[in-house]
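Have a look at these structures, which come just after this line.
One chain, subunit A, links the two complexes that follow: it is found with subunit B in the first and with subunit C in the second.
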Partner chain A sequence: MLTRFWNAYWLVGLLALLLALIPLVSDSYYLLSVLTLANLYAVFAVSWDLVSGYIGKLSLGQALFIGFGAFAVGMYHDSIGIIPSIALGAIISVVAALIIGVASLKLTGPYFSLTTMVLPLIFYQLTYTFRDITGGEFGLTVSAGIGRQALFYITLAFMLICVIGTLMLVRSRTGKIFIAIREDELGCAALGNNVLYYKLLAFSLSALMSGIGGGLLAIYLRHVSPTVFDMWQSITILIMGIAGGMGTIIGPVLGAYGLSFLTEWLRSTEQFQDFIYAGLLIVFVMLLPQGIITLRRQFSALRKKTDGKGT
Partner chain B sequence: MIIDIVIFGLIWTAIYALIGLGFSLIFGVANIMNLAHGAFFMIASYIVFMLTAQAHLGLLWAALGAIIFTIIIAVLIYWAFIRPMRNAMTQVLIITLALAMLLEQIVLLVFGPEPRYVPSILTGGVNILGVRVTEQQLLTFFIAIILIAVVWMLLSKTNIGRIVRAVSQDAEMASMLGVDTERVYMFVMALSAALAATAGILVAPFLTVTPTMGWSPILVAFTIVVLGGLGNIWGTLAGAMIVAFAEMITSYAIHPQLKDAVTFTILILALIFKPNGLFSREVK
Partner chain C sequence: MSFFEIRHLNKSFGKVVVANDISFSIEKGEFVGIIGPNGAGKTTLYHMITGIVKPTSGEILFKGEKITGLPTHRIVQKGLSRTFQIPRPFKELTILENIEVANAGRDKSTLAERAERVLKQVGLWEMRHQPAGNLPQGDLRRLEVARALATNPEFLLLDEPFAGLNNAEMQGLLQLVQELHKSGLTILIVEHKLKELMQMVQRVIAIDFGKLIADDIPQRIVKNERVLKAYMGDRRWDLA
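Now for the complex of A and B:
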């Protein structure tokens, strides 16, 4: 099975290799730019999955950490340089995740989801209102002086590190405890695990990945505006994660690449794009709540069922 | 300025209580967190716009049409999407969120993104203690208060109310005693949609009607539910009052744009420190 054994690593490695070869084959500026964005969204989807799929706290606000990372780069890349500003964004994200996590990870189900959904909206309005620091609705310009091809390889390497690292984490003992928390938090605590520590670990690692990714997103877009905190940002990540398969890491990665290409493919029908996204989310939640990645498992289960009927 | 805050605070308390009550009803009775509740509010405003400005119907007929249409949408949504997965709260949350986005996008495709204006039922204004209030706002205030009282009577004094309360306390036991819980859920869904639609129709004339107008009410409604607890009219009113006055104070004293940010901050603080509501007794 795809999600369980070594071949998940092979799949990610193969995917990365294929992607790395693309600039050698095609010099399409457009394709490169789509792929760079897809790399970043893969990271966001994986970081979303670590919280939502593994410790079972559905996050609707991944945009918060992306926004922190992006605004740290937007506001400070001139004064302290690109790499320190990305690091600053990552630190802010992790600290924010720790504060938010201590307060809100005890909430269950929809209460946690709504908290995470509301937080980016607060920052959306704050960045909109205090325009002398954040540039208001026009945002800030980011000029990093990194070429498109270099940025593509940086994001690809970052994606590879994040995905492999997360896969290794969730397959370790720690990952088993994450799953135990998802299935039965009280039972897990009763076995002597410090549940809060593990929840904070997952949440802050997720914030770390999203924060760095947000910084790279700002460099890619060459621009930061309050729209990074927009709800659609979080929703897009949610759709990628759910379409791919929650709690599988590899599923959200595939979901991110698939949906990024779908977006480009639908570029000509731009006004229907959000409509299609919302429809897609409904279809997946209704028909395939475990995501694309389990399609094979579902089919074999179906086949077994029909076989059983036949004999 | 203080009189402004008090008067508009009271008007918005009534409106928010009306929206929050519908949200709290379906959440409390059926355990459905309906994120499409704000979309009902928005849809009703657009239907009134369509029926008055494009079909040239009278305003009262338009209002009636909007309420009926919203109820039909709500019942269809419940029947087709929510019922198959009612027991999985997270899935209900995602599906209603997706439905809210879908409705928003449909409205956007049909009517376009530009703000629309809906005519008032009453035109004219009065002066209360030196503050100019339009008659539409006063009408909204009184209708909202009357509706809240009616819903309260319905739930606490009638047989229907007794059945609804029974289902909300123990659905399994109620169904064993011969109550058709599905029908009760359907009824509560319709009632909650009707309340949201009424609020939308009343408020639309003094707001700009845009496809995204449903998001702010849904978060306000959730805040009210968190503050006031579930299925408690007085809690809902108190929660609505806290939110409305906090918003008015912010928009008069600090910056009108930060209004929503203050609501959200209250929501988060309430969730973190008082997740069972302000008026809950500690369970020891």
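Now for the complex of A and C:
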């Protein structure tokens, strides 16, 4: 039932290698740009999967931590430097995750998901309220002095570290405890595990990755504005995760790259883009609820069914 | 100081009283059975002991320490584990992984050693890489016991482990439980299959409507008037 992880490691390595070669074979500014963004979304999707797919607590607000990371860079890169500002964003994200987690992860039902959905909206408003420091609707400019190619490789390395690190985590005993929590919290506690601790662990690691990614996003966009907290950001990540395959880590990675390319391809159909996205989500939920990653498994299952007519 | 003690435990859900001034103690190494009609409050008692439900009043002491109201995982870490009436394996994990997830606290042996020991004890070692979701009932019960054992308990609470098993499975589990007791484990067992129960335990506690109505050796329990009265009309009970 679980994806064989050695396959996943090879897949990620291969993907990273292919991506690393692209600037050497292509001059396209545009392609590099799309891929840099895709690298970041791969991390966001993986961080989402850690909480939604593994712990089983659906997160509807990765944008919160992305926003914290982005604004930390936007507001402080001038005064304290780029790397310290990224670190600051990361720390704020983790602390926020711990506070939110302690408050909402103990509750059963949809309260955690609702909380994650509402908080980015609140911060969206707050960036307007405190427009003096956040730049309001105009946002803040970010000038990092990092070239496009360098940024591409930085985000690629970031993606590789996050994905491999997360794969190792979910393969370890801790990852099995995550799955156990998803299936049966009470049963997991009855085996002596502090379930809240593991939930907080997953949530804060998710926040850490999204927070750093948010900082890099601000550098990529050369600008940070309230839209970084937008719900559509969270929904996009969710679609990437679901289409790729929840609870697999590698699925959301594929979902992120796939959807990033699809977005660009659909850019010509501007007005219909949202409909196509929504349509895709519906198609996936109905036909491939476990995501693209299970396609191979589903084909072989289908073949077995038609072969075994005699049984 | 008793190994395990319950003092004046009370629990009501609204107007429904499921535990009515229950008190008893268990010494280290004992093998005690709990019997009672359905709805008598046995499983709720287990829930209170293991921190899943908070009693309305009363105390639960384990090795001299108050464990009333502690979270489940803390109680398990202190050496008190239970199995559930309906097995709850982690279906997406293999048998081995189900065991690996258990936290043994201060157990010094490595994860792998402990898993092997426990799985061999219940006879599931050969199929350890099979997903737990595909197991037949008898094996699921063994897995339940294995998981509880993997937490390295000093006191094991079994909740109707023989329910739904065929004769062969029952004999196997019976033997296992007896071996566990012989190795020094203190065991409390809720069970309806009285023939099997009487073969194992040294002492039986009878509960009816949340009240403790008898606490005696098996031979005397089956002749106890209050116990017999409680089970009149319930055909599942064969006390002969």
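Assume the second predicted complex is superposed on the first by the 305 of 311 C-alpha atoms of A that agree within 3 Å, B and C clash if a C-alpha of one lies under 4 Å from a C-alpha of the other, contacts with A are read in each partner's own complex, and residues count from 1 in each chain.
Heads up, the rule we're going with is that contacts are C-beta pairs under 8 Å (C-beta built on N, C-alpha and C of every residue); 3 or more make two chains touch, one makes a residue touch a chain.
Every value quoted in this text rests on a predicted model; they were computed, and no experiment measured them.
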For A:V118, select first, second, both or neither according to whether it touches subunit B, subunit C, the two together, or no partner.
first
In this superposition, which partner touches a larger number of subunit A residues, subunit B or subunit C?
B
For A:L186, select first, second, both or neither according to whether it touches subunit B, subunit C, the two together, or no partner.
second
For A:A150 in the superposed arrangement: first (subunit B), second (subunit C), both or neither?
neither
Classify the contacts of A:I177 with the two partner chains as first (subunit B alone), second (subunit C alone), both, or neither.
second
Quick one: classify A:N194 as touching subunit B (first), subunit C (second), both or neither.
second
On the A-aligned overlay, A:L18 touches which partner chain: subunit B = first, subunit C = second, or both, or neither?
neither
Within the complex, which stretch of subunit C touches subunit A?
50, 52, 71-73, 76-77, 81-82, 84, 88, 90-93, 97, 100-105, 111, 131, 147-148, 150-151
For a test of understanding, state which residues of subunit A touch subunit C in their complex under the given definition.
1-2, 173, 176-177, 179-180, 183-184, 186-195
What does subunit B use to touch subunit A in their complex?
33, 81, 84-85, 89-91, 93-95, 97-99, 101-102, 105-106, 108-109, 215, 219, 222, 226, 255, 257-258, 260-261, 264-265, 267-268, 271-272, 275
Name, in rising order, each residue of subunit A that touches subunit B in their complex.
58, 60, 103-104, 107, 109-111, 113-115, 118-119, 121-122, 125-126, 128-129, 231, 235, 238, 242, 271-272, 274-275, 277-279, 281-282, 285-286, 289
